[in-house]
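What follows is a pair of complexes built around chain A, which joins chain B in one and chain C in the other.
The block that comes next holds the complex of A and B.
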(Lines of atoms letter the chains of each structure in order from A and count residues from 1; the text may use other names and numbers.)
(Lines give C-alpha, C1' and ligand atoms only; values in the text may rest on other atoms or scores of the structure.)
Protein backbone atom coordinates (compact mmCIF):
# COMPACT_ATOMS: atom_id res chain seq x y z
CA UNK A 1 0.00 0.00 0.00
CA UNK A 2 0.98 3.62 -0.46
CA UNK A 3 1.10 5.79 2.62
CA UNK A 4 1.36 9.51 3.09
CA UNK A 5 2.05 10.72 6.60
CA UNK A 6 1.75 14.32 7.69
CA UNK A 7 2.42 15.50 11.18
CA UNK A 8 1.84 18.61 13.22
CA UNK A 9 3.57 18.25 16.55
CA UNK A 10 5.03 20.38 19.30
CA UNK A 11 8.35 21.95 18.32
CA UNK A 12 10.18 19.83 20.87
CA UNK A 13 9.19 16.65 19.09
CA UNK A 14 9.44 17.71 15.45
CA UNK A 15 13.05 16.54 15.11
CA UNK A 16 12.35 13.23 16.78
CA UNK A 17 9.42 12.42 14.55
CA UNK A 18 11.27 13.51 11.44
CA UNK A 19 14.28 11.34 12.24
CA UNK A 20 12.11 8.36 13.02
CA UNK A 21 10.12 8.63 9.83
CA UNK A 22 13.26 9.04 7.75
CA UNK A 23 14.16 5.44 8.51
CA UNK A 24 10.86 4.22 7.12
CA UNK A 25 9.65 6.48 4.34
CA UNK A 26 10.83 9.06 1.87
CA UNK A 27 10.83 12.66 2.88
CA UNK A 28 8.84 14.76 0.43
CA UNK A 29 8.17 18.09 2.10
CA UNK A 30 8.43 19.61 5.54
CA UNK A 31 6.29 17.44 7.82
CA UNK A 32 5.34 15.12 4.97
CA UNK A 33 6.63 11.63 4.30
CA UNK A 34 5.39 9.09 1.83
CA UNK A 35 6.21 5.79 0.23
CA UNK A 36 5.17 2.28 -0.56
CA UNK A 37 5.17 -0.07 2.41
CA UNK A 38 3.67 -3.36 3.41
CA UNK A 39 1.46 -3.87 6.41
CA UNK A 40 4.03 -5.14 8.93
CA UNK A 41 6.65 -2.44 8.46
CA UNK A 42 3.91 0.18 8.43
CA UNK A 43 2.55 -0.98 11.79
CA UNK A 44 6.07 -0.91 13.17
CA UNK A 45 6.53 2.61 11.89
CA UNK A 46 3.21 3.73 13.40
CA UNK A 47 4.00 2.21 16.72
CA UNK A 48 7.39 3.93 16.86
CA UNK A 49 5.95 7.29 15.92
CA UNK A 50 3.01 7.03 18.25
CA UNK A 51 5.28 6.26 21.18
CA UNK A 52 6.93 9.65 20.74
CA UNK A 53 3.96 11.96 20.40
CA UNK A 54 1.77 13.46 23.05
CA UNK A 55 -1.81 12.66 22.10
CA UNK A 56 -3.16 15.80 23.73
CA UNK A 57 -1.00 18.23 21.80
CA UNK A 58 0.11 16.57 18.57
CA UNK A 59 -1.56 15.11 15.56
CA UNK A 60 -0.46 12.68 12.90
CA UNK A 61 -2.48 12.07 9.75
CA UNK A 62 -2.08 8.85 7.84
CA UNK A 63 -3.39 8.72 4.29
CA UNK A 64 -3.47 5.10 3.28
CA UNK A 65 -4.04 4.10 -0.33
CA UNK A 66 -4.53 0.36 -0.55
CA UNK A 67 -3.69 0.12 -4.22
CA UNK A 68 -0.66 2.21 -5.15
CA UNK A 69 -1.92 2.38 -8.72
CA UNK A 70 -4.81 4.52 -7.57
CA UNK A 71 -2.65 7.44 -6.73
CA UNK A 72 -1.58 10.14 -9.09
CA UNK A 73 0.89 12.69 -7.91
CA UNK A 74 1.32 15.99 -9.61
CA UNK A 75 4.15 18.23 -8.67
CA UNK A 76 4.38 21.91 -9.40
CA UNK A 77 7.64 23.66 -8.81
CA UNK A 78 10.65 21.95 -7.37
CA UNK A 79 10.52 18.29 -6.48
CA UNK A 80 12.18 18.02 -3.12
CA UNK A 81 12.75 14.41 -2.29
CA UNK A 82 12.59 11.51 -4.66
CA UNK A 83 13.59 7.93 -4.12
CA UNK A 84 14.85 5.82 -6.93
CA UNK A 85 17.29 2.98 -6.78
CA UNK A 86 20.27 4.72 -8.41
CA UNK A 87 22.47 7.21 -6.68
CA UNK B 1 8.33 -3.94 -0.05
CA UNK B 2 12.09 -3.81 0.41
CA UNK B 3 14.34 -3.13 -2.50
CA UNK B 4 17.92 -2.76 -3.61
CA UNK B 5 19.79 0.46 -4.08
CA UNK B 6 22.74 0.96 -6.37
CA UNK B 7 25.46 3.50 -5.70
CA UNK B 8 27.33 4.63 -8.77
CA UNK B 9 28.46 8.06 -7.67
CA UNK B 10 31.46 8.58 -5.46
CA UNK B 11 30.98 9.82 -1.95
CA UNK B 12 30.18 8.56 1.46
CA UNK B 13 27.60 6.18 2.84
CA UNK B 14 26.96 6.68 6.51
CA UNK B 15 24.75 6.02 9.45
CA UNK B 16 22.90 9.02 10.73
CA UNK B 17 19.64 9.39 12.66
CA UNK B 18 19.37 5.60 12.62
CA UNK B 19 19.06 5.48 8.89
CA UNK B 20 21.36 5.53 5.86
CA UNK B 21 22.66 8.76 4.41
CA UNK B 22 24.36 9.14 1.10
CA UNK B 23 26.68 12.11 0.90
CA UNK B 24 27.80 12.86 -2.62
CA UNK B 25 31.14 14.39 -3.48
CA UNK B 26 29.66 17.86 -3.69
CA UNK B 27 28.31 17.50 -0.17
CA UNK B 28 24.64 16.89 -0.89
CA UNK B 29 23.13 14.64 1.77
CA UNK B 30 20.26 12.35 1.09
CA UNK B 31 18.48 10.14 3.56
CA UNK B 32 17.52 6.64 2.45
CA UNK B 33 14.81 4.86 4.44
CA UNK B 34 16.74 1.92 5.83
CA UNK B 35 13.63 -0.10 6.53
CA UNK B 36 12.96 -0.24 2.81
CA UNK B 37 16.43 -1.33 1.79
CA UNK B 38 17.34 -4.93 1.29
CA UNK B 39 20.74 -4.78 -0.42
CA UNK B 40 23.12 -1.97 -1.23
CA UNK B 41 25.28 -2.43 -4.31
CA UNK B 42 28.37 -0.27 -4.33
CA UNK B 43 29.89 0.48 -7.73
CA UNK B 44 31.52 3.84 -7.14
CA UNK B 45 34.27 4.82 -4.75
CA UNK B 46 32.49 5.11 -1.48
CA UNK B 47 33.79 5.74 2.02
CA UNK B 48 32.29 3.71 4.82
CA UNK B 49 33.04 3.31 8.48
CA UNK B 50 32.47 0.64 11.09
CA UNK B 51 29.41 2.45 12.47
CA UNK B 52 27.73 1.80 9.13
CA UNK B 53 28.74 -1.86 9.10
CA UNK B 54 27.39 -2.30 12.63
CA UNK B 55 24.18 -0.63 11.64
CA UNK B 56 23.67 -2.56 8.45
CA UNK B 57 24.42 -5.75 10.35
CA UNK B 58 21.72 -4.86 12.83
CA UNK B 59 19.23 -4.05 10.10
CA UNK B 60 20.27 -7.09 8.06
CA UNK B 61 21.16 -5.03 5.04
CA UNK B 62 23.73 -6.71 2.84
CA UNK B 63 26.41 -4.65 1.15
CA UNK B 64 27.74 -5.93 -2.17
CA UNK B 65 30.94 -4.52 -3.57
CA UNK B 66 31.97 -4.38 -7.21
CA UNK B 67 35.31 -3.23 -8.58
CA UNK B 68 36.00 -0.54 -11.11
CA UNK B 69 35.11 -2.86 -13.99
CA UNK B 70 31.84 -3.96 -12.43
CA UNK B 71 33.12 -7.39 -11.38
CA UNK B 72 31.94 -8.77 -8.09
CA UNK B 73 34.42 -8.25 -5.28
CA UNK B 74 32.58 -9.49 -2.23
CA UNK B 75 29.78 -8.87 0.18
CA UNK B 76 29.37 -7.72 3.70
CA UNK B 77 27.32 -10.58 4.97
CA UNK B 78 25.73 -9.71 8.32
CA UNK B 79 25.73 -12.19 11.16
CA UNK B 80 23.55 -15.13 10.21
CA UNK B 81 20.20 -14.52 11.80
CA UNK B 82 18.54 -17.75 10.83
CA UNK B 83 20.84 -20.64 11.51
CA UNK B 84 19.90 -24.23 11.82
CA UNK B 85 22.45 -26.87 12.72
CA UNK B 86 20.23 -29.61 11.35
CA UNK B 87 20.07 -28.06 7.91
CA UNK B 88 23.84 -27.55 7.77
CA UNK B 89 24.51 -31.13 8.86
CA UNK B 90 22.01 -32.56 6.39
CA UNK B 91 23.25 -30.29 3.65
CA UNK B 92 26.78 -31.61 4.17
CA UNK B 93 25.47 -35.15 4.26
CA UNK B 94 23.97 -34.66 0.83
CA UNK B 95 27.32 -33.41 -0.39
CA UNK B 96 29.32 -36.28 1.09
CA UNK B 97 27.16 -39.10 -0.22
CA UNK B 98 27.96 -39.58 -3.85
CA UNK B 99 24.54 -40.60 -5.10
CA UNK B 100 22.72 -37.89 -3.15
CA UNK B 101 25.06 -35.24 -4.47
CA UNK B 102 24.74 -36.52 -8.00
CA UNK B 103 20.95 -36.34 -7.77
CA UNK B 104 21.03 -32.65 -6.87
CA UNK B 105 23.71 -31.85 -9.42
CA UNK B 106 21.62 -33.45 -12.14
CA UNK B 107 18.54 -31.52 -11.01
CA UNK B 108 20.33 -28.20 -11.47
CA UNK B 109 21.64 -29.09 -14.91
CA UNK B 110 18.29 -30.46 -16.04
CA UNK B 111 16.49 -27.33 -14.98
CA UNK B 112 19.16 -25.15 -16.58
CA UNK B 113 18.94 -26.96 -19.93
CA UNK B 114 15.15 -26.87 -19.75
CA UNK B 115 15.29 -23.11 -19.41
CA UNK B 116 17.86 -22.78 -22.17
CA UNK B 117 15.59 -24.70 -24.52
CA UNK B 118 12.67 -22.66 -23.35
CA UNK B 119 14.46 -19.43 -24.21
CA UNK B 120 15.33 -20.82 -27.66
CA UNK B 121 11.77 -22.03 -28.21
CA UNK B 122 10.26 -18.71 -27.20
CA UNK B 123 12.53 -16.94 -29.62
CA UNK B 124 11.63 -19.34 -32.41
CA UNK B 125 15.00 -20.98 -33.02
CA UNK B 126 14.13 -24.46 -31.76
CA UNK B 127 14.77 -25.94 -35.20
CA UNK B 128 18.41 -24.90 -35.35
CA UNK B 129 21.16 -27.44 -35.30
CA UNK B 130 22.78 -26.35 -32.06
CA UNK B 131 19.41 -26.36 -30.31
CA UNK B 132 18.78 -29.89 -31.53
CA UNK B 133 22.13 -30.90 -30.04
CA UNK B 134 21.14 -29.38 -26.70
CA UNK B 135 17.95 -31.43 -26.74
CA UNK B 136 20.00 -34.56 -27.39
CA UNK B 137 22.59 -33.73 -24.77
CA UNK B 138 20.02 -32.99 -22.11
CA UNK B 139 18.75 -36.53 -22.46
CA UNK B 140 22.21 -37.75 -21.50
CA UNK B 141 22.14 -35.96 -18.16
CA UNK B 142 20.16 -38.78 -16.60
CA UNK B 143 22.86 -41.32 -17.42
CA UNK B 144 25.80 -39.35 -16.07
CA UNK B 145 27.81 -41.47 -13.67
CA UNK B 146 29.33 -38.77 -11.51
CA UNK B 147 29.35 -35.04 -10.95
CA UNK B 148 32.34 -34.51 -13.27
CA UNK B 149 30.42 -36.08 -16.12
CA UNK B 150 27.38 -33.98 -15.33
CA UNK B 151 29.57 -30.89 -15.40
CA UNK B 152 31.00 -32.06 -18.72
CA UNK B 153 27.57 -32.37 -20.28
CA UNK B 154 26.61 -29.02 -18.83
CA UNK B 155 29.70 -27.47 -20.41
CA UNK B 156 28.86 -28.91 -23.82
CA UNK B 157 25.24 -27.78 -23.57
CA UNK B 158 26.40 -24.32 -22.70
CA UNK B 159 28.75 -24.15 -25.68
CA UNK B 160 25.96 -25.03 -28.09
CA UNK B 161 23.61 -22.72 -26.27
CA UNK B 162 25.88 -19.73 -26.73
CA UNK B 163 26.26 -20.64 -30.38
CA UNK B 164 22.47 -20.62 -30.66
CA UNK B 165 22.24 -17.28 -28.87
CA UNK B 166 24.37 -15.77 -31.61
CA UNK B 167 21.40 -16.20 -33.92
CA UNK B 168 19.27 -14.02 -31.72
CA UNK B 169 21.44 -10.98 -31.38
CA UNK B 170 22.38 -8.27 -33.86
CA UNK B 171 25.50 -8.78 -35.91
CA UNK B 172 27.60 -6.25 -34.07
CA UNK B 173 27.30 -8.35 -30.93
CA UNK B 174 28.08 -11.80 -32.35
CA UNK B 175 30.78 -13.60 -30.42
CA UNK B 176 32.90 -16.60 -31.29
CA UNK B 177 33.08 -18.18 -27.87
CA UNK B 178 32.32 -17.47 -24.27
CA UNK B 179 35.23 -15.68 -22.66
CA UNK B 180 35.40 -14.65 -19.06
CA UNK B 181 38.02 -13.28 -16.74
CA UNK B 182 38.17 -11.03 -18.66
CA UNK B 183 35.40 -10.91 -21.27
CA UNK B 184 36.86 -10.19 -24.71
CA UNK B 185 33.86 -8.79 -26.55
CA UNK B 186 30.71 -6.80 -25.72
CA UNK B 187 28.23 -9.64 -25.48
CA UNK B 188 30.53 -11.62 -23.22
CA UNK B 189 30.85 -8.56 -21.03
CA UNK B 190 27.06 -8.36 -20.87
CA UNK B 191 26.71 -12.02 -19.94
CA UNK B 192 29.37 -11.69 -17.26
CA UNK B 193 27.74 -8.66 -15.76
CA UNK B 194 24.26 -10.21 -15.86
CA UNK B 195 25.54 -13.36 -14.20
CA UNK B 196 27.25 -11.29 -11.52
CA UNK B 197 23.95 -9.63 -10.68
CA UNK B 198 22.27 -13.03 -10.62
CA UNK B 199 24.82 -14.46 -8.17
CA UNK B 200 24.40 -11.63 -5.73
CA UNK B 201 20.61 -11.85 -5.94
CA UNK B 202 20.73 -15.55 -5.21
CA UNK B 203 23.14 -14.95 -2.35
CA UNK B 204 20.86 -12.45 -0.70
CA UNK B 205 17.93 -14.85 -0.98
CA UNK B 206 19.95 -17.77 0.41
CA UNK B 207 20.90 -15.51 3.27
CA UNK B 208 17.26 -15.29 4.31
CA UNK B 209 16.99 -19.04 4.61
CA UNK B 210 18.84 -21.54 6.78
CA UNK B 211 20.97 -22.84 3.92
CA UNK B 212 24.71 -22.58 4.08
CA UNK B 213 25.84 -20.87 0.87
CA UNK B 214 29.25 -22.56 0.86
CA UNK B 215 28.03 -26.15 0.58
CA UNK B 216 27.23 -26.84 -3.05
CA UNK B 217 26.52 -29.87 -5.19
CA UNK B 218 27.18 -29.17 -8.83
CA UNK B 219 30.17 -26.90 -8.33
CA UNK B 220 32.94 -27.88 -5.97
CA UNK B 221 32.52 -26.21 -2.60
CA UNK B 222 36.21 -25.38 -2.50
CA UNK B 223 35.92 -22.63 -5.06
CA UNK B 224 36.57 -19.81 -2.60
CA UNK B 225 33.15 -18.49 -3.36
CA UNK B 226 29.63 -18.97 -2.13
CA UNK B 227 29.30 -21.86 -4.53
CA UNK B 228 25.71 -22.77 -3.70
CA UNK B 229 24.82 -19.46 -5.35
CA UNK B 230 26.49 -20.70 -8.51
CA UNK B 231 24.43 -23.89 -8.37
CA UNK B 232 21.12 -22.12 -7.95
CA UNK B 233 22.04 -19.40 -10.41
CA UNK B 234 22.39 -22.09 -13.10
CA UNK B 235 18.62 -22.45 -12.96
CA UNK B 236 17.90 -18.77 -13.19
CA UNK B 237 20.56 -17.55 -15.61
CA UNK B 238 18.86 -18.85 -18.78
CA UNK B 239 15.44 -17.96 -17.39
CA UNK B 240 16.11 -14.40 -16.31
CA UNK B 241 19.42 -13.02 -17.48
CA UNK B 242 19.80 -14.26 -21.05
CA UNK B 243 16.33 -13.29 -22.38
CA UNK B 244 16.83 -9.91 -20.75
CA UNK B 245 20.16 -9.34 -22.48
CA UNK B 246 18.78 -10.47 -25.84
CA UNK B 247 15.92 -8.02 -25.49
CA UNK B 248 18.22 -5.20 -24.47
CA UNK B 249 20.51 -5.56 -27.47
CA UNK B 250 17.70 -6.15 -29.95
CA UNK B 251 15.78 -3.11 -28.80
CA UNK B 252 19.02 -1.17 -29.11
CA UNK B 253 18.87 -0.10 -25.49
CA UNK B 254 22.42 -1.33 -25.22
CA UNK B 255 24.69 -0.37 -28.07
CA UNK B 256 28.41 -0.34 -28.68
CA UNK B 257 28.74 3.03 -26.98
CA UNK B 258 27.98 1.39 -23.64
CA UNK B 259 31.22 -0.56 -23.64
CA UNK B 260 34.80 0.25 -22.97
CA UNK B 261 37.74 -1.65 -24.30
CA UNK B 262 40.94 -1.80 -22.30
CA UNK B 263 43.60 -3.83 -24.10
CA UNK B 264 41.16 -6.49 -25.22
CA UNK B 265 39.30 -6.48 -21.93
CA UNK B 266 35.76 -5.34 -22.57
CA UNK B 267 33.41 -4.14 -19.90
CA UNK B 268 30.24 -2.12 -19.53
CA UNK B 269 30.54 1.52 -18.66
CA UNK B 270 28.42 3.21 -16.03
CA UNK B 271 25.55 4.04 -18.36
CA UNK B 272 25.45 0.48 -19.65
CA UNK B 273 25.45 -0.98 -16.16
CA UNK B 274 22.59 1.26 -15.14
CA UNK B 275 20.50 0.10 -18.09
CA UNK B 276 21.15 -3.56 -17.35
CA UNK B 277 20.47 -3.14 -13.64
CA UNK B 278 17.26 -1.19 -14.18
CA UNK B 279 15.98 -3.90 -16.52
CA UNK B 280 17.14 -6.68 -14.21
CA UNK B 281 15.56 -5.07 -11.18
CA UNK B 282 12.30 -4.60 -12.99
CA UNK B 283 12.31 -8.20 -14.15
CA UNK B 284 12.90 -9.52 -10.63
CA UNK B 285 9.86 -7.63 -9.42
CA UNK B 286 7.60 -9.04 -12.11
CA UNK B 287 5.13 -11.54 -10.82
CA UNK B 288 3.65 -14.74 -12.16
CA UNK B 289 0.84 -16.78 -10.74
CA UNK B 290 2.17 -19.73 -8.79
CA UNK B 291 0.31 -22.94 -9.44
CA UNK B 292 0.68 -24.47 -6.03
CA UNK B 293 0.68 -21.41 -3.86
CA UNK B 294 -2.27 -19.99 -5.82
CA UNK B 295 -1.04 -16.44 -5.61
CA UNK B 296 1.24 -14.13 -7.47
CA UNK B 297 4.90 -14.44 -6.69
CA UNK B 298 7.76 -12.33 -7.98
CA UNK B 299 10.92 -13.70 -9.55
CA UNK B 300 12.69 -12.62 -6.38
CA UNK B 301 10.49 -14.88 -4.37
CA UNK B 302 10.89 -17.74 -6.85
CA UNK B 303 14.58 -17.80 -5.97
CA UNK B 304 13.69 -18.07 -2.30
CA UNK B 305 11.17 -20.83 -3.00
CA UNK B 306 13.96 -22.75 -4.69
CA UNK B 307 15.97 -22.46 -1.46
CA UNK B 308 13.03 -23.68 0.59
CA UNK B 309 12.59 -26.66 -1.72
CA UNK B 310 16.24 -27.49 -1.25
CA UNK B 311 15.88 -27.34 2.53
CA UNK B 312 12.86 -29.60 2.40
CA UNK B 313 14.84 -32.02 0.29
CA UNK B 314 17.90 -32.21 2.50
CA UNK B 315 15.94 -32.68 5.70
CA UNK B 316 14.02 -35.47 4.02
CA UNK B 317 10.62 -33.81 3.82
CA UNK B 318 9.78 -33.67 0.12
CA UNK B 319 12.12 -34.64 -2.74
CA UNK B 320 13.56 -31.74 -4.69
CA UNK B 321 11.95 -31.02 -8.02
CA UNK B 322 13.81 -28.21 -9.75
CA UNK B 323 11.95 -25.24 -11.13
CA UNK B 324 10.78 -25.67 -14.68
CA UNK B 325 9.06 -22.55 -15.87
CA UNK B 326 5.47 -23.42 -16.75
CA UNK B 327 4.38 -20.03 -18.00
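The block that comes next holds the complex of A and C.
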Protein backbone atom coordinates (compact mmCIF):
# COMPACT_ATOMS: atom_id res chain seq x y z
CA UNK A 1 0.00 0.00 0.00
CA UNK A 2 1.02 3.64 -0.40
CA UNK A 3 0.65 5.80 2.67
CA UNK A 4 0.87 9.55 3.26
CA UNK A 5 0.99 10.63 6.89
CA UNK A 6 0.65 14.22 8.01
CA UNK A 7 0.90 15.25 11.64
CA UNK A 8 0.20 18.26 13.77
CA UNK A 9 1.63 17.54 17.20
CA UNK A 10 2.87 19.55 20.16
CA UNK A 11 6.51 20.53 19.54
CA UNK A 12 7.59 18.53 22.59
CA UNK A 13 6.60 15.35 20.74
CA UNK A 14 7.68 16.24 17.19
CA UNK A 15 11.14 14.67 17.50
CA UNK A 16 9.81 11.34 18.79
CA UNK A 17 7.08 11.18 16.15
CA UNK A 18 9.50 12.05 13.38
CA UNK A 19 11.94 9.32 14.48
CA UNK A 20 9.24 6.66 14.47
CA UNK A 21 7.85 7.69 11.08
CA UNK A 22 11.33 7.87 9.60
CA UNK A 23 11.89 4.21 10.48
CA UNK A 24 9.13 3.16 8.08
CA UNK A 25 8.55 6.00 5.64
CA UNK A 26 10.30 8.82 3.81
CA UNK A 27 10.18 12.42 4.97
CA UNK A 28 8.74 14.64 2.25
CA UNK A 29 8.41 18.18 3.58
CA UNK A 30 7.26 19.92 6.75
CA UNK A 31 5.11 17.48 8.66
CA UNK A 32 4.56 14.99 5.85
CA UNK A 33 5.92 11.46 5.52
CA UNK A 34 5.08 9.00 2.78
CA UNK A 35 6.01 5.74 1.16
CA UNK A 36 5.14 2.25 0.07
CA UNK A 37 4.74 -0.04 3.03
CA UNK A 38 3.25 -3.45 3.72
CA UNK A 39 0.46 -4.01 6.23
CA UNK A 40 2.60 -5.36 9.11
CA UNK A 41 5.15 -2.53 9.25
CA UNK A 42 2.37 0.02 8.73
CA UNK A 43 0.45 -1.29 11.74
CA UNK A 44 3.66 -1.28 13.80
CA UNK A 45 4.30 2.31 12.72
CA UNK A 46 0.77 3.34 13.69
CA UNK A 47 1.01 1.66 17.08
CA UNK A 48 4.30 3.40 17.82
CA UNK A 49 3.09 6.81 16.74
CA UNK A 50 -0.26 6.51 18.48
CA UNK A 51 1.44 5.52 21.74
CA UNK A 52 3.33 8.84 21.70
CA UNK A 53 0.66 11.38 20.79
CA UNK A 54 -1.76 13.08 23.13
CA UNK A 55 -5.11 12.67 21.38
CA UNK A 56 -6.46 15.81 23.02
CA UNK A 57 -3.73 18.02 21.58
CA UNK A 58 -2.25 16.28 18.56
CA UNK A 59 -3.52 14.93 15.28
CA UNK A 60 -2.29 12.37 12.81
CA UNK A 61 -3.85 11.98 9.36
CA UNK A 62 -3.37 8.75 7.43
CA UNK A 63 -4.13 8.65 3.70
CA UNK A 64 -4.04 5.06 2.53
CA UNK A 65 -4.07 3.87 -1.08
CA UNK A 66 -4.07 0.07 -1.26
CA UNK A 67 -2.60 -0.11 -4.76
CA UNK A 68 0.36 2.28 -5.23
CA UNK A 69 -0.50 2.45 -8.94
CA UNK A 70 -3.63 4.39 -8.03
CA UNK A 71 -1.75 7.43 -6.72
CA UNK A 72 0.28 9.89 -8.76
CA UNK A 73 2.66 12.44 -7.27
CA UNK A 74 3.76 15.65 -8.93
CA UNK A 75 6.23 18.12 -7.50
CA UNK A 76 6.57 21.76 -8.49
CA UNK A 77 9.63 23.65 -7.29
CA UNK A 78 12.21 22.41 -4.84
CA UNK A 79 12.05 18.76 -3.83
CA UNK A 80 12.70 19.01 -0.08
CA UNK A 81 12.60 15.32 0.76
CA UNK A 82 15.93 14.74 -0.91
CA UNK A 83 17.46 16.25 2.20
CA UNK A 84 17.01 14.61 5.53
CA UNK A 85 14.53 15.20 8.29
CA UNK A 86 16.20 16.93 11.24
CA UNK A 87 15.35 14.17 13.67
CA UNK B 1 -10.43 12.89 -8.63
CA UNK B 2 -9.21 13.21 -5.05
CA UNK B 3 -6.30 15.54 -4.50
CA UNK B 4 -4.03 16.21 -1.54
CA UNK B 5 -1.80 19.25 -1.83
CA UNK B 6 1.02 20.02 0.57
CA UNK B 7 3.11 23.16 0.30
CA UNK B 8 6.31 24.55 1.73
CA UNK B 9 6.52 28.16 0.64
CA UNK B 10 8.21 31.31 1.85
CA UNK B 11 6.04 32.92 4.55
CA UNK B 12 5.57 36.00 2.37
CA UNK B 13 3.55 33.87 -0.06
CA UNK B 14 1.69 31.59 2.38
CA UNK B 15 -1.40 33.82 2.60
CA UNK B 16 -1.82 34.06 -1.16
CA UNK B 17 -1.28 30.33 -1.69
CA UNK B 18 -3.70 29.45 1.07
CA UNK B 19 -6.41 31.74 -0.38
CA UNK B 20 -6.12 30.14 -3.81
CA UNK B 21 -6.17 26.58 -2.47
CA UNK B 22 -9.10 27.38 -0.19
CA UNK B 23 -11.17 28.37 -3.23
CA UNK B 24 -11.01 24.81 -4.56
CA UNK B 25 -10.13 22.51 -1.68
CA UNK B 26 -10.53 22.04 2.07
CA UNK B 27 -7.84 22.97 4.56
CA UNK B 28 -6.86 19.94 6.63
CA UNK B 29 -4.00 20.89 8.93
CA UNK B 30 -0.75 22.86 8.75
CA UNK B 31 0.19 23.16 5.09
CA UNK B 32 -2.18 20.50 3.76
CA UNK B 33 -5.28 20.97 1.60
CA UNK B 34 -7.39 18.21 0.13
CA UNK B 35 -10.63 17.37 -1.55
CA UNK B 36 -12.59 15.94 -4.43
CA UNK B 37 -12.26 18.11 -7.49
CA UNK B 38 -12.87 17.77 -11.22
CA UNK B 39 -10.16 18.21 -13.82
CA UNK B 40 -11.03 21.77 -14.90
CA UNK B 41 -11.07 23.39 -11.46
CA UNK B 42 -7.97 21.41 -10.49
CA UNK B 43 -6.04 22.75 -13.49
CA UNK B 44 -7.24 26.27 -12.67
CA UNK B 45 -6.11 25.82 -9.06
CA UNK B 46 -2.68 24.58 -10.19
CA UNK B 47 -2.23 27.48 -12.60
CA UNK B 48 -3.12 30.00 -9.91
CA UNK B 49 -0.85 28.47 -7.30
CA UNK B 50 2.05 27.96 -9.69
CA UNK B 51 1.85 31.58 -10.82
CA UNK B 52 2.46 32.69 -7.23
CA UNK B 53 5.30 30.45 -6.08
CA UNK B 54 9.00 31.00 -6.60
CA UNK B 55 10.21 27.63 -7.89
CA UNK B 56 13.69 28.25 -6.52
CA UNK B 57 12.44 28.66 -2.95
CA UNK B 58 9.04 27.02 -2.67
CA UNK B 59 7.61 23.59 -3.24
CA UNK B 60 4.15 22.22 -3.93
CA UNK B 61 3.39 18.50 -3.81
CA UNK B 62 0.31 17.14 -5.57
CA UNK B 63 -0.97 13.66 -4.74
CA UNK B 64 -3.63 12.70 -7.24
CA UNK B 65 -5.97 9.72 -7.00
CA UNK B 66 -8.23 9.53 -10.05
CA UNK B 67 -10.96 7.50 -8.33
CA UNK B 68 -11.79 8.86 -4.85
CA UNK B 69 -12.84 5.33 -3.84
CA UNK B 70 -9.19 4.31 -4.01
CA UNK B 71 -8.11 6.48 -1.11
CA UNK B 72 -9.01 6.03 2.55
CA UNK B 73 -8.46 8.64 5.24
CA UNK B 74 -8.13 7.96 8.94
CA UNK B 75 -7.70 10.59 11.63
CA UNK B 76 -6.31 10.02 15.09
CA UNK B 77 -6.72 12.79 17.65
CA UNK B 78 -8.03 16.26 17.02
CA UNK B 79 -9.56 16.94 13.60
CA UNK B 80 -8.12 20.39 12.85
CA UNK B 81 -9.78 20.97 9.49
CA UNK B 82 -13.14 21.52 11.11
CA UNK B 83 -11.85 24.96 12.01
CA UNK B 84 -10.94 27.41 9.36
CA UNK B 85 -7.65 28.25 7.75
CA UNK B 86 -6.43 31.63 8.94
CA UNK B 87 -6.35 33.10 5.46
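Following the convention adopted for this analysis, the second predicted complex is superposed on the first by the 81 of 87 C-alpha atoms of A that agree within 3 Å, B and C clash if a C-alpha of one lies under 4 Å from a C-alpha of the other, contacts with A are read in each partner's own complex, and residues count from 1 in each chain.
Note that a residue touches a chain if its C-beta (ideal position, glycine included) is under 8 Å from a C-beta of that chain, and two chains touch if they have at least 3 such contacts.
Because the structure is a prediction, the values reported are computed rather than measured.
Asker: First (chain B), second (chain C), both or neither: which does A:38 touch?
Answerer: It touches chain B, and chain C stays clear.
Asker: Among the partners chain B and chain C, which is in contact with a greater number of residues of chain A?
Answerer: Here the partner covering more residues of chain A is C.
Asker: What does chain A use to touch chain B in their complex?
Answerer: On the chain A side, the touching residues are 19-20, 22-27, 35-38, 41, 44-45, 81, 83, 85-87.
Asker: Considering only the defined contacts, which chain B positions touch chain A in the complex?
Answerer: Touch residues, chain B against chain A: 1, 3-9, 17-19, 22, 24, 30-36, 274, 277-278, 281.
Asker: Give the list of chain C residues in touch with chain A in this complex.
Answerer: Those residues of chain C that touch chain A are 4, 6, 8, 28-32, 50, 53-67, 70-80.
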